[in-house]
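Next come two complexes built around chain A: one with chain B, the other with chain C.
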Partner chain A sequence: MTKSVKSGAVTTRRGALKTLGIGAGAATLPLWARYADAQSSAPIKIGFQVHRTGIGAAYGRWYDRTTTAAAKMINDNGGINGRMVEIIAEDDGTDPKRGAEVVEKFATQYNCDVGFGTLFSHVVFGSAPRAGELKLPYFVVSEGHHVASGALNRYTLQPGITDVKSQVQAMAPFVASNLGKKVTMIFPDFAFGHDHRDFFTAAIEAQGGQVLEHIAIPPTETSFTRYFPKIPRDTEVIYHVMVGPAVLTFVKELGEFFGPSRPELFGFIDSLEAVDIGSAGLEFLDGTYFWEGNPRYAQENQSEFDKAYRAAVGVDDNGASLSDSKDIATYSHMFGCWETLNIIKRGMEASGYAGPDDRASLIEAVEAMSDMPHSLEHPQGAKRFNGKTHQTFGHQYITRVTDGKLILAHTTSIEDTLYPDEVDYTTQSF
Partner chain B sequence: MTAVRKSLLLHGGLLIVLFGLQFVLPAYHHGNLARIMVLASYAIGYNVLFGYTGLLSLGHAMFFAAGMYGMGLGIRFLEMSPALALLAGLAAGLILALVVGYLALRTVGVAFMIVTLMFAQALFLTILYFGKWTRGDEGFVIQQPERVLWGIDLSDPVNRYFAALLLFAVCLLVSLWLIQRPVGRVLIAIRENQERARMLGYDIFAHKLAAVMISGGISALAGAVYGLLFGYVGATFASVQYSIFPLLWVLLGGAGTVLGPFVGTLFMFYLIDLSSALTTAHMLIAGVVLVAVTLFAQQGIVGELRRRFWRWLP
Partner chain C sequence: MEFGPYLMLASLEGAVTTAVLSLTAVGLSLVFGVMRVVNVAHGEFFMLGAVLAWWIASAIGGMGGNPALGFVIALVLAPLVVGSIAAVADLTILSRIDYDPERTIVATIGLLYIMQQVTLMTYGPDARPVEAPFNARIALPWVEFADGRPQIYWPWGFGTTTYKLGVIVAAAIVLLGVWFVMARTRIGLIMRATQLDRDMALAFGIPVGRVYAFVFGLGAGLAALAAVLVVPIQQAHYLMGGDPLLLSFIVVIIGGLGSLPGTVLAALLIGMSDGIISVFFSPTLAKIIATLLVALVLVFRPQGLFGTRATR
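What follows is the complex of A and B.
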């Protein structure tokens, strides 16, 4: 008898762990019980796939700030369907494998209502199949042509930022009319550069122009001088879209090659996102033109919406952080996070979204959207969403480097950016 | 109990446990484990060359990517069935391994590492260069209807898990079988003392080439299966970091142990997954843990177990 009493009184390691486990479970009981019993008051969880590390880190930092500001605005105005928005951010390392894992985490561990915020195209490509299989609405902010090309699935949408095909196409009329019709293109020799090569070549030819030479630069290149002799002498415009850390070298060497007598230059700001246009070595760019998704510098005709958006995110009139003038924003892209979150909000409100069972209704509600007026929800400008292709279209901006600032020279119409549908996602089942 | 019986019990037991976990794991970990098993198969391939033959490759991503693109391009442009596409991926890896092995094995030590690194970089740039077909850095999606193998939809989580388990089981058992065969013993002999093995009359070059081909073939098969199960083919998988990953997994788990690649892959996957949920500096945590493991368990996790407790571990 004594023996049995002793035996029962001994605390084994397994017994202690069991007790601790039960205790820990009991401690969390009120939390999950509250959400289970009052689903309608639980926050709406938005999984934010953010490039915190890897090649997209500079973009990720600003996507993060913009998303935080947009969520704050939505919550300050009462949330979505009376529920607060909770942003669950997770680093994807700008890597397609990790991106897919993060999407799985959103869907099956955090039980997010939607996934959101991916920029780099290869991460979108790697993640979208899993989002489709897990039936998680996946709102990308990438500007890739992947969504509208039909390569992805019904659960993947890009309603808050225009795609590269429409951007490039809309530049051709301005280039042909104002800068010249004989173009030499310099671009990185991978998919992003190839998109520019293919779309712009077709667009400039439609304007009666021609591309005299395509100069593809290998992605590992660090010096560019040996490529410049390939530029034909009768080139009127150089179209450049270099990206990555070598861009400063590229511009410097281009300046040394041409000296004071250069052809017109037209580039995509992707080259210089998060880079101060006043950086040493970029003086050569003075007087040249850039595509901007959203003008980095506050313009003379700045809208009240851009003013409020800038203040909310913490960007000054020069496109730098309010707290650090050397921290330059990725202003041409990050508005997409702000606008996409507002579209998710409208979609959830239109569909009466209550939980994951309503995900299909949410997608149908977004597919039903079309014109979106210039507003605080859309500070970059008006949009026209195509529910069939899951892609939005909008105004594009062309700015000229003047005294170290980017000054607006031209705004395209939405019509300039349209092209025939290449897919109808609404025919795919859920 | 003999060492062989213990070994069969241990590895068979692991496969039974993995089979059983299918029914109890929460959805998130269920998906993770499927992915880990495919990546562990890649690490098993790497271990054949590094752990058992003593050849340190810094370019193994080329085999993984060759399998992935062999499968993906077969489906995309030749409308191959998934089964045929998997064979195409395997064939692509074996052919590449034959060519690379034939050339790279003329070097040893650091030179071998650099040559394999250069070959892998050349393949990576080739994928980018032929972007018209490969879609370069973006890659392309293998759509769900293209992933139905003999009527089995591989995009379904249960089917995916079993397919990953099947691949892992085959690779594990091949690895186990290999090192217990004479040819496997010769590979270990080459690792321990190449000149002594040569003096015993073994054809070193032929055995090394066989090791490169077995290793490359397993890695390519893992790449092909990865693309098919997760629906994506991309150049990132041919980049340097995907050559470093299997080295880390094998070093962590235990080079030259059959179970090491799986343990290392599992450990590393959850180390990154858990730390990234805690802090943005998750790579710092991963780095500190890796340094600690390297300092205090120099033979890797399974290697330390073998050294301290179970000397019979293969």
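What follows is the complex of A and C.
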């Protein structure tokens, strides 16, 4: 009792002063809070939905590193409209339900200006409707065709990475003219794999080829040998694309199944993203071809932009982390985070973005974009954004495994990847 | 591929699944049989075994050692380390909650998440391979009748690897070892005594607490051993414990809780049917049938195929 009386007596004078000071500060709070909203001091908050856990975790880690590097570059160059960028990362567990909750947290709890970053298509599908309802611009980096197919909404955009349909379509001429016309496809049995199945089958038929057999494998499968007997004997090319933690098993068992006499192999690098090409059991891949979104190994004709981008993210010339040569990047996908953040920056600058009230004009500003030249902001290559379908188009790379490295064999033009619009989001109201 | 070789290939794949599954499930079954607790963290001990195997193998490889040497050391060391972790978990957690069935389930779920997330935080989200000590591809011949006489030929893609055969053999040896320990040694006798009647065993001076810790460690060690065997085929990944846990539960329920022969037979049934049904029909159907089998067993023979009906 006496103690509290004593301490009370001591704090009387100073305490009163402090209280006054706090009171004075609090009184002005609405003023500077308003000032922050309308003017420049508060950071621009970008909600980053990241696959930190779950089956997308290997991608999430590199998306995280790329995003951090891109935000640093933007901030080092003065931020956006004079405001710093703050990345608010939240794990979605590679889970659609959790993804929608994360989007909700961005919009209501953190008061983010935009949401950004999702890769796995089922998470995009789960989250995009909520983003639309909450009117939160949602920039995905997923390569799914769902944005351009018209299945989503005006608030969802994919300006920084090309979609499966355009990638697959651009591969067909190369496969048909260099590898063979009788193709067997092996793909995961969910939306991403079905996109491959549908678009490649159509594209190879347009080249005069045919798909002999479609082999769909459940995404949770861990053992693959038992699927391979379905491959018809007259197959000339095997087209494979797998995702998830078991990809290395898949490729190894494919090699063990064929032994010395294999047909030509054409794979999407997704089958080996974040996996070392030098891993034991992958020797048989020598001489096979891969689609790459962005070549993992620094090529002979490496651009200065790729060089600077690699250094900024911390990736060496073999596509591994600078600090750990066993830590392989998801190099074909993660550039999308870098480019998307730069597009958000340009969109905010073009629309004079000041706060959440300007979200609609931000989307209109991005929709107005078209050609984006090869630059440090777009180290993967030039892009052509289609404002109506909210989807970007760009160059695709085909590399050949040569002495344990992926060496560039062919670069497609942007025109190879174009297809007719399937939706016009600009006609939807905000 | 023709039907015959195709079926043979599916059976070979099923046999590998069976080998790994029976080791994992026997571990779970031992723990349940002796301690009467359900260990939900069993799959994470499996995962831990695989991750440790990677760590050990890459450490040996990093020192310039032979990959085969790294694998052999992992084969010995990983189950011991995982077993010790499990024994410590038993002494510090499960014994404190008195092996109460419900609380044990909650506690082991907690262990599951702790192990999974610690692995994610330290080992990371990658699937990492361990090099097999030996791995040669064997092309298998097949016999067909042509022109009225049998002829041997080598079907395209019909083969297996020496390592897969090695896994099957190794699993069989370990299972025989477990049987030998349970049936023919003093420690096995003590475990069986504890299983039959805990109080009576205690009255006869058996240190039941230590037996429990040993059994819990042994169960986890078997799971880890199975994982070390499988890690050159599948990679070590922090989420890999889910499937073995589910399948082990299915196997243990079908085989009869606490019965080793029942567990092995059920593993054979589930492993082979999974291999064959998923090849000729669909993997989903294989899972449906396995789950249906569990339901039927629970309805018509709740003690499992080989279980003895509880006398209480």
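The criterion applied here is as follows: the second predicted complex is superposed on the first by the 390 of 430 C-alpha atoms of A that agree within 3 Å, B and C clash if a C-alpha of one lies under 4 Å from a C-alpha of the other, contacts with A are read in each partner's own complex, and residues count from 1 in each chain.
The rule we apply is simple: a contact is a pair of C-beta atoms (placed from the backbone, for glycine too) under 8 Å apart; a residue touches a chain by one contact, two chains touch by 3 or more.
Bear in mind that the values here come from a model prediction, so they are computed numbers and not experimental data.
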item	value
First, second, both or neither for A:317, with chain B first and chain C second	neither
First (chain B), second (chain C), both or neither touched by A:53	both
First (chain B), second (chain C), both or neither touched by A:247	second
Contacts of A:130 with chain B and chain C, given as first, second, both or neither	first
Partner chain(s) touched by A:259 [first = chain B, second = chain C, both, neither]	second
Touching partner for A:281 - first (chain B), second (chain C), both, neither	second
Partner chain in contact with A:122 - chain B first, chain C second, else both or neither	first
Which superposed partner A:234 touches (first chain B, second chain C, both, neither)	neither
Contacts of A:108 with chain B and chain C, given as first, second, both or neither	first
Residues of chain A contacting chain B in one complex and chain C in the other	53, 218, 220
Parts of chain C lying in touch with chain A, wherever the complex brings them together	1, 5-6, 9-10, 13, 16-17, 58, 67, 117, 120, 124-129, 131-132, 135, 137, 139, 156-159, 161, 233-235, 237-240, 243, 275, 278-279, 283-284
Contact footprint of chain B on chain A as seen in their complex	52-53, 90-91, 95-98, 100-101, 104-105, 107-109, 121-122, 125-126, 128-130, 132-133, 144, 146, 151-153, 189-192, 194, 218-220
Partner chain C, residues of chain A touching it in the complex	53-55, 57-58, 60-61, 218, 220-223, 225-231, 233, 245-249, 252, 256-259, 261, 274-275, 279-281, 326-328
Residues of chain B defined as touching chain A within the complex	26-28, 31-32, 35, 125, 128-129, 131-132, 135-144, 155, 157, 230-232, 234-237, 241, 272-273, 276-277, 280, 282-283
